[in-house]
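Heads up, the thing below is written out as structure tokens.
We call the chains A, B, C and D, going by the order they appear; numbering starts again at 1 in every chain.
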Amino acid sequence: MGHCMSLQDLKQAVLEANLATVRNGLVIATFGNASAIDRAAGQIVIKPSGVPYDEMTTESMVVTDLEGRMTGNRLRPSSDLDTHLVLYRAFQGIGAVIHTHSTFATIMAQSLMPIPPLGTTHADYFRGTIPVTRHLAPDEISHNYVRATGEVIVETFRDIDPLEVPAVLVAGHGPFVWGRTPEEAVLNATILEEVARFAWHCMMLRPDPAPIPNALLDRHFLRKHGADATYGQPG
Amino acid sequence: MGHCMSLQDLKQAVLEANLATVRNGLVIATFGNASAIDRAAGQIVIKPSGVPYDEMTTESMVVTDLEGRMTGNRLRPSSDLDTHLVLYRAFQGIGAVIHTHSTFATIMAQSLMPIPPLGTTHADYFRGTIPVTRHLAPDEISHNYVRATGEVIVETFRDIDPLEVPAVLVAGHGPFVWGRTPEEAVLNATILEEVARFAWHCMMLRPDPAPIPNALLDRHFLRKHGADATYGQPG
Amino acid sequence: MGHCMSLQDLKQAVLEANLATVRNGLVIATFGNASAIDRAAGQIVIKPSGVPYDEMTTESMVVTDLEGRMTGNRLRPSSDLDTHLVLYRAFQGIGAVIHTHSTFATIMAQSLMPIPPLGTTHADYFRGTIPVTRHLAPDEISHNYVRATGEVIVETFRDIDPLEVPAVLVAGHGPFVWGRTPEEAVLNATILEEVARFAWHCMMLRPDPAPIPNALLDRHFLRKHGADATYGQPG
Amino acid sequence: MGHCMSLQDLKQAVLEANLATVRNGLVIATFGNASAIDRAAGQIVIKPSGVPYDEMTTESMVVTDLEGRMTGNRLRPSSDLDTHLVLYRAFQGIGAVIHTHSTFATIMAQSLMPIPPLGTTHADYFRGTIPVTRHLAPDEISHNYVRATGEVIVETFRDIDPLEVPAVLVAGHGPFVWGRTPEEAVLNATILEEVARFAWHCMMLRPDPAPIPNALLDRHFLRKHGADATYGQPG
């Protein structure tokens, strides 16, 4: 998020992102959480913990810095806050993080199945396989579980550019997705669910389906992303 | 339900719970029924039998005691009343019971497949495998079938705490779910359907999928339940 | 339908039944058709052919006798009329017929897979396996195809009571469903789709799933149907 | 489209077709595009690139000729324009083209699985198997990828009449569908998704499901299409 966005605007954008995950069918009950960062101001806004979506307002949003230091909030932050903080510290290019338990992404996460690029829908948003983390060790679970979840994601992306593959499946849990803006993170989370649905169904037809050719993967990714993108309208 | 809730409030809460099962996609036609108990007053309120959901009001609700004795009701109770009564007598900590034929929970019940804890969505609400009852014997079906259904559920929970695993799959039939309040029972029934959907799809990828580690199961269950719960807002 | 129902009432009931199949998700485009009969008056009312559902009124309904003789109609009848007529002539107890291409019932019909009673949802409405017809022979298809479709349904029910199993899967085509009234036929078509969905998913877990015990099948069917039914409210 | 339709009418029809793909659940995000041609005027109207569906008006529509020459448009055309142009040049009888990433058609396209005629729903709209293209070669992808996509479709239809089978699955990508009018193309795209859904589920029950008899295929296709069609209302 650019530094010219006010804190109130950031809260509004995070509220909208949270509501969009529900509207797009990615979230039931109070599962799921979205956050965004204003890197210039060093401020992160995140959903509160366990508040019903239809009671959420900009005032319910929780403000913190990159180390999780908070003052003046009415409500407790999402119980997944520490995972978000690790991602913001490690992935400098991202501006928003979304966690859901969306159906097919969660099924793949529970099955420890990465999602290979089986079609151009995938290639339009993810330049390669969407990986699964390893399971956390018992001591990682008992000490700082939420932060360890972030760290195992970062470990998984040691050789992957998080802006080229803006999503991960946390083993036995569900997806974390990100983007440069809250809107982009919502879109990535929505497309992730769709490509996970595609992948599951393709795997039922053939246990080990073939990825699309690399030339096709790049052709689609690069027409939507990067300096030479041609998709959409100029400006 | 606390003893300070009036009978009218209890009827309203049971009506709401019944309507929520329809709204959450757990029930079609006139399938399904929800009830709740005021243990101090010894009163149970349950849905009437075969009344369309869009004609149901608080006046349609049926009142009974723990032995099924009724006076002054306009309508017949749900044909599953005796199952609810057995559960209230056996499971002292529960305040509401819901029965649905929700799609994936019913598929697992028809397939006699328990639902192992394959992910944290499951662990957030159910501390372990959701069991399936045995099939009733022919003479249990011919005599007191509905009560026998309750008794086989209780038998199935001989070594399971019903507040740690607040749902069961009745063989060849469908789920019964409970909670301390009607709202909690509705939430448990909704999450049950989601984890049954997850489990079915995971089983299609791998016939015998691995449960999540025990440490992860406990970590998630205990952050939402019990004295040390940290999820949500205080109070 | 009783003979005290006017033709206008019959048209209204058939219009409602057609619209209900769309509302219940059983029909897309202009697929599907519903009809009803007034046996005392010897009149059948059926949906017109190829008219969009949102333009249908009681005036669009087509009236015929049991032999398909029509006068005074503004529109052509459903192209499946002759199938309906055969069913009304052969199955004296039925008052309404519905044909849909609902998703899972059609999948089972295309796969030539009968639907065994795998659970109590099935048993509540169908007292046994829902059969599949044989494929029609080429000469049956080229001469009187629509009537032959009705005749192969009647042939399939040689040893089945159509009021105990009020539905059939026509091979390679889709379901025909009936009932004593249009409302009952709509309900049967809706439940058929649900039990077909259940059956397909159960068959994916186990290729040859076991039907529920006969005692359970009868217990559920007979509490909703026949002289000793106890489900619902008296009168 | 007849030459008596104004350019404004053509834009309205293309806008409607685009919105219908969203309403019918065939499109998420900004995926998908619909176009139509006025052959007499030599004008094609197509959706703009990357514009949200809820901001689209007739003014957003882009006008081009059969060679892709454009003047006076406010917006860039769909990035798939060149595929549409190839189809209009090669398939003289078609008046509209639609591209979607609809779920089951895309799953079949990603799995390189043609859709055989497994039932009468298929036969009502497609007279035979819906084919899959071959994968493009790397040099086809790097030079004129979008035009090459059109050319591989035309190559696939060397021995198929595009008005008898008005759809194709592009390998690793998704469906392109057409019709004589925008309304017909929308209907074909909607039915394609339904028959793809049917086919996927049938293939799960039997890996190599049997097509319906040819007599049944023709009987259904020809009652809806061609000079002797009897379906619907006269005129």
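Just so it is clear, contacts are C-beta pairs under 8 Å (C-beta built on N, C-alpha and C of every residue); 3 or more make two chains touch, one makes a residue touch a chain.
Keep in mind that this is a model prediction, so the values were computed, not measured.
Asker: Once chain A is fitted to chain D on CA atoms, what angle does the rotation have, in steps of 5 degrees?
Answerer: Between chain A and chain D the superposing rotation measures out at 90 degrees.
Asker: For chain C versus chain D, which are copies of one sequence, does the interface use mostly the same residue numbers on each side, meaning over half shared, or is it different?
Answerer: Answer different: the two copies use largely distinct residue numbers here.
Asker: I'd like the Å distance between the centres of chain C and chain D, where a centre is the mean of that chain's Cα atoms.
Answerer: It comes to 33 Å between the two C-alpha centres.
Asker: Averaging over Cα atoms per chain, report the distance between chain B and chain D in Å.
Answerer: From the centre of chain B to the centre of chain D is 47 Å.
Asker: What parts of chain C, by residue number, touch at least two of the other chains?
Answerer: Within chain C, the residues that touch at least two other chains are 204.
Asker: So which chains actually touch one another? I want all the pairs, not just one.
Answerer: Pairs satisfying the touch definition: A-B, A-D, B-C, C-D.
Asker: What does chain B use to touch chain A in their complex?
Answerer: 118-121, 187, 190-191, 194, 197-198, 201-202, 204-206, 209, 212-213, 215-216, 219, 223, 230-234
Asker: What part of chain A is in contact with chain B in the complex they form?
Answerer: So the residues of chain A in touch with chain B come to 28-31, 48-51, 75-76, 79, 101, 103-104, 106-107, 109-111, 113, 135-136, 138, 141-142, 145, 172-174, 200, 203-204.
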